[in-house]
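Note that subunit A is present in both complexes that follow, paired respectively with subunit B and with subunit C.
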Partner chain A sequence: MEILNAIVLFTNFVVVPALSYGSQLALGALGITLIYGILRFANFAHGDTMAFGTMIVILLTWLLQSWGISFGPLPTALLALPFAVVATAAMVLVTDRLVYAHYRRIRAPFITMTMASIGVTLVLNGVVRFIIGTDDRTFFDGERFIMKAREFKTWSGLNEGLAIKSSQALTVGVAFILVVVLFWFLNRTRTGKSMRAFSDNEDLALLSGISPRKVVAVTWIIAGGLAAIAGTLYGLDKSFGPFTYFQLVLPMFAAAIVGGVGNPLGAIVGGFVVAFSEVMLTYAYKKFATYLVPPEWAPDGLLQLLGTDYKFAVSFFILVIVLLVRPTGILRGKVI
Partner chain B sequence: MKKLLLASTMLAGLTGAAFADGHEVKMGVILGFTGPIESLTPNMAGSAEMAMKEASDSGELLDGKVIVPVRGDSTCTDAAAATAAAERLVTAENVVGIFGADCSGVTTAIVNNVAVPNGVVSISPSATSPALTTVEDKGFFFRTAPSDARQGQILSDVLKDKGITNVAVTYTNNDYGKGLADAFASAFKASGGTIAISAPHEDDKADYSAEVGALAAAGAEHLAVFGYVDKGGKGIIQTSLDTGAFDQFILADGMIGDSLIEAIGDDLNGTIGTLPGSDSEGAAMFKKIAAAGGMEKVDGPYMPESYDAAALMILAMQKAGSTDRAEIQAEIMGVANAPGEKIYPGELDKALKILADGGDVDYEGASNVTFTEVGEAAGSFKELEVKNGKFETMKIR
Partner chain C sequence: MLLSAENMTGGYGGMDILKSCSVGVERGEIAVIVGPNGAGKSTAMKAVLGMLDLREGAVTLDGKDITKLSPQDRIAAGMAFVPQTSNVFTGMSVRENLEMGAFLRTDDFSVTMDEIFELFPILSEKQDQLAGELSGGQRQQVAVGRALMTRPNVLLLDEPTAGVSPIVMDELFDRILEIRNKGVAVLMVEQNARQALDIADRGYVLVTGENRFTDTGQALLDNPEVRRSFLGG
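Right, the complex of A and B next:
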């Protein structure tokens, strides 16, 4: 019984939030790692691309709601999402034409492209704030919970509750499907293979007749679409704020690099490593330990390794350690 | 342009001459007319100036003197700018006293750099930092707003009455949140309660699950939230309810707002909180005269305290029978506290008459003014509880 309580407690406050946060990071990191692997620069604008996509979703959700359209127990935002994916993909293609195409043509070094992406970040952030404002917005509608903490307690008879929000289940489910589709696309289709070839050796790929334009365009479309979906899932689960998305860039980059930048599988591993470390290192284990040890050993302190204020520092910390110890990341990616 | 300038200078000279016959008394009004609380200060200044006008119009003040308010900008955040503004009012405009400042930081700067060195009284309507209780003011600083330390004590009393002895505390990571959390912790511990965990939270985050997880792990059943209603505080409460970490909350003034109930809904029922203010006779009378005086708002934050701060300065002047700065300082405690006839908003002419005849007044005003030994409002607080989706006042403390 005590052990069950401890497991439920840990699941409720660590495993469930970290799983959904990890999935959101993984989707974001996938976009970053694709751009890095194929277009060969660190795209700092990815966070604000997510914000842009989410903004479109929110605006469309409001429109649908005003028409009285809903999606049953699921959030209306899911209906708006396909349109937002298209809009975001179009937006990144336009950005590419206006900004990055020029730097590719003059064969600008890595750092120039990266700096250009910071410029794009600032512009996008301004545009998003200008259109939707700086306030925090929640746009989840439909059934909020799959399981409520109180219902779980009465059902199981345990002291601890387990709550699963539908947004969390949705996040993990959608992320899983997307990852499967993406890997199928990269490994099994002609376009996917040409993208991987382009990433491996650009010159050789060009010699063998792969169209660079097509590869670049498809990469941007996938990255933009992933950004819109990741942003929307994050916003549904938590809340949308232009600055919050900007701050997500750090953990997403940490995830991509930790996993092995340029390696899609690495991005997913990295996303979960960063999310679980953030949550596990800042969780206070007092109650958890109290369930497991005999009463007389019950701890007085909180058994908390780091204050929750330091959550962001955790991503930095992991990043530094990985860069020092294993610069290629957990699964071999490129050296950044 | 030159002519216009000349004309306005002459006009200014003429008006000056009209007052220069000794009927004019200047009073400083220092508030943050620019800066983070600029939306509140026009109504605060208006309330104070309403009291000045009321006293002037009565004709009873020191045999018919007229009070002229002189405004200065405290900026709320820039101590140097606030000090310069106060310095100008005290030395160049020669004000008899300072109404202000507003925010705790600039108020401390003005007290230390201008009010005490020059021997000028300053009465703040809204500085609530506990640190101002112990500032070296030589008796020249007063405030009509209660210290946050007081709210900490009141919250602790409320919990004690409800039999709650173990709470988790989370506060917004700034001077307000930290000050209140510290004040509450010391009062609560003194009354035998336990703080299971006291952890700050940052505002404007999307996700508070880690914060809530840590708070819940400490094992308390009640969560005290000292934050802002439209910012992190709401996120903390929402996440707590979602994860089943807490379902009973204790809120301080920054968290009281209808937007919280709109966002959270019925789960908030049973939540308790405190908010400065009272439903006293004086508060109602203030609303009446504010409406009659053409104020754009009658129940804005710190408006009653502003009226009271100015009124106290005026009554002290009358009691002293002079406009001498030191003599005004000596009389403030006397007019604020018993004994004497109780005075409410709109009754300044009555008070001035009593004082002119050598009587005593006990100014209650719009906010039930009673000064503690160090010259700050003891303050009354409403004890609130959420019932059927509404904040209801249970008791005045």
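Right, the complex of A and C next:
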């Protein structure tokens, strides 16, 4: 019984939140890794691209709510999401035309493009704050839980409850479907294969008649769409704040690099590695340990390795270790 | 001639690497460009492909002037090129490499793929393996196979036998002869001059970007001066 309680406790506070956070990071990291592999620069504007997409979702959600439209038990934001995906894809395509296209034409080095993306992120962040403000916003509506802690307790007879928020289930489900579709696209379709070829060997792709314009445009559309979706899922699960999203760039980059940058499968693995490390290192194990050891051994302290304020340090730490020990990432990507 | 590049002059930046250099190849022929290091062999091939701006000279394919066309347009016009290095998509399967070779084709290319598998049986066996996991010789076969997927009239090979063992080299030359016998014009740059001239219908010896000797492969092999200066006696 005690062991079961410990497992449920751990699942409730570590596994479930980390799974959903990991899915959000994975979707973001996929966008970063696609841009890195195909456009060949580190896109620091990805966090603010997520913020832009989420902002559109929030504005549309308010509009729909004001019209009295809802999506039943599901969040209204899901109705707004397709429009936000289109708007975000359009926004990144315009950005590409205005900024990055120039640097591609003059064959600017990696670092120039990366620095340009920092400029883009500052502008985007300003635009988002200007339109929607700097406050934290929650925009979740509909049925909050698909399983409540109390219901689980009565059903199982355990002391510990297991709660699953609908936003968490939604995140994992949507991420899973998107990943399956993306891999099908990359591995089975002509356009997807041409993107992989372009990422693998640009010169040979050009010699094979693959159009760089099309590959670049499709890459932006996918990365922008994924960013809008990842941002919305994160905002539904937690909350939306322009600065929070800006900071998300760090764990997402860590995920992309840890998994093996340029390698889509690696981005997913990396997303979960970073999420589980963050959650596991900042969780207080006191109660968990109390269930497992004899009462007299029960710990006095919180058994928390790191305060949650330091969670970004975890991403940094994993990043440094991976770059030192295995610069290509867990699954072999490109060396940075 | 099917492909003819006349009086090519040009280079990167200000310096001319090619000085009035001419090469060409006829349908169903193998033409080989040989010469010492730095003679401009690979540059000549790049100029034929359009990867180098020429100050003077003209390239014609099947009677049409293609001097102004980009490399991509020349490929669409019936040329195919196998670079010396990084000539396969290492992270893609053998089959996908061939599919990418056929990217410009909108018709059914399965017949061409079968022909390539017939020419290089090992590729058929390893079609689902990543090209990056193959041996050097097998990779070269993938590279040549990828280039052949467009059913080119002219195949340009930049040192196809660089870095492979003598046995693999002989094998590759045999395959290149088979490709020629199907009516493709093959123009290649080779470091292994003696073996290459042995299978060549036409040979060009370049020195510092200029044509020094031009003759049939056999005649060049028999020429004492060529042997002394370029073939090591």
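Basically, the second predicted complex is superposed on the first by the 336 of 336 C-alpha atoms of A that agree within 3 Å, B and C clash if a C-alpha of one lies under 4 Å from a C-alpha of the other, contacts with A are read in each partner's own complex, and residues count from 1 in each chain.
Methods note: a contact is a pair of C-beta atoms (placed from the backbone, for glycine too) under 8 Å apart; a residue touches a chain by one contact, two chains touch by 3 or more.
As the structure is a prediction and not an experimental result, all values here were calculated from the model.
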Is A:157 in contact with subunit B, with subunit C, with both, or with neither (first, second, both, neither)? neither
Name the contact category of A:208: first (subunit B only), second (subunit C only), both, or neither. second
Partner with the higher number of touched subunit A residues, subunit C or subunit B: B
Which superposed partner A:243 touches (first subunit B, second subunit C, both, neither): first
Return first, second, both or neither, reflecting whether A:68 touches subunit B, subunit C, both chains, or no partner chain. neither
Touch test for A:294: subunit B only (first), subunit C only (second), both, or neither? neither
Could you tell me if A:194 is touching subunit B, subunit C, both of them or neither one (first, second, both, neither)? second
Identify the overlap between the subunit B-contacting and the subunit C-contacting residues of subunit A. none
Interface with subunit C, subunit A side, in the complex: residues 190, 193-194, 196-197, 199-201, 203-210
Subunit B residues within the subunit A interface of the complex: 173, 197, 199-202, 204-207, 209-214, 216-219, 235, 242-245
Would you pull the subunit A residues touching subunit B in the complex into a rising list? 12-14, 17, 21, 136, 144-145, 148-150, 152-153, 161-163, 165, 234-235, 238-241, 243-244, 278-279, 282-288, 290, 302-304, 307-309, 311
Subunit C residues within the subunit A interface of the complex: 71-72, 75-76, 81, 83, 86-92, 96, 99-101, 103-104, 146, 150
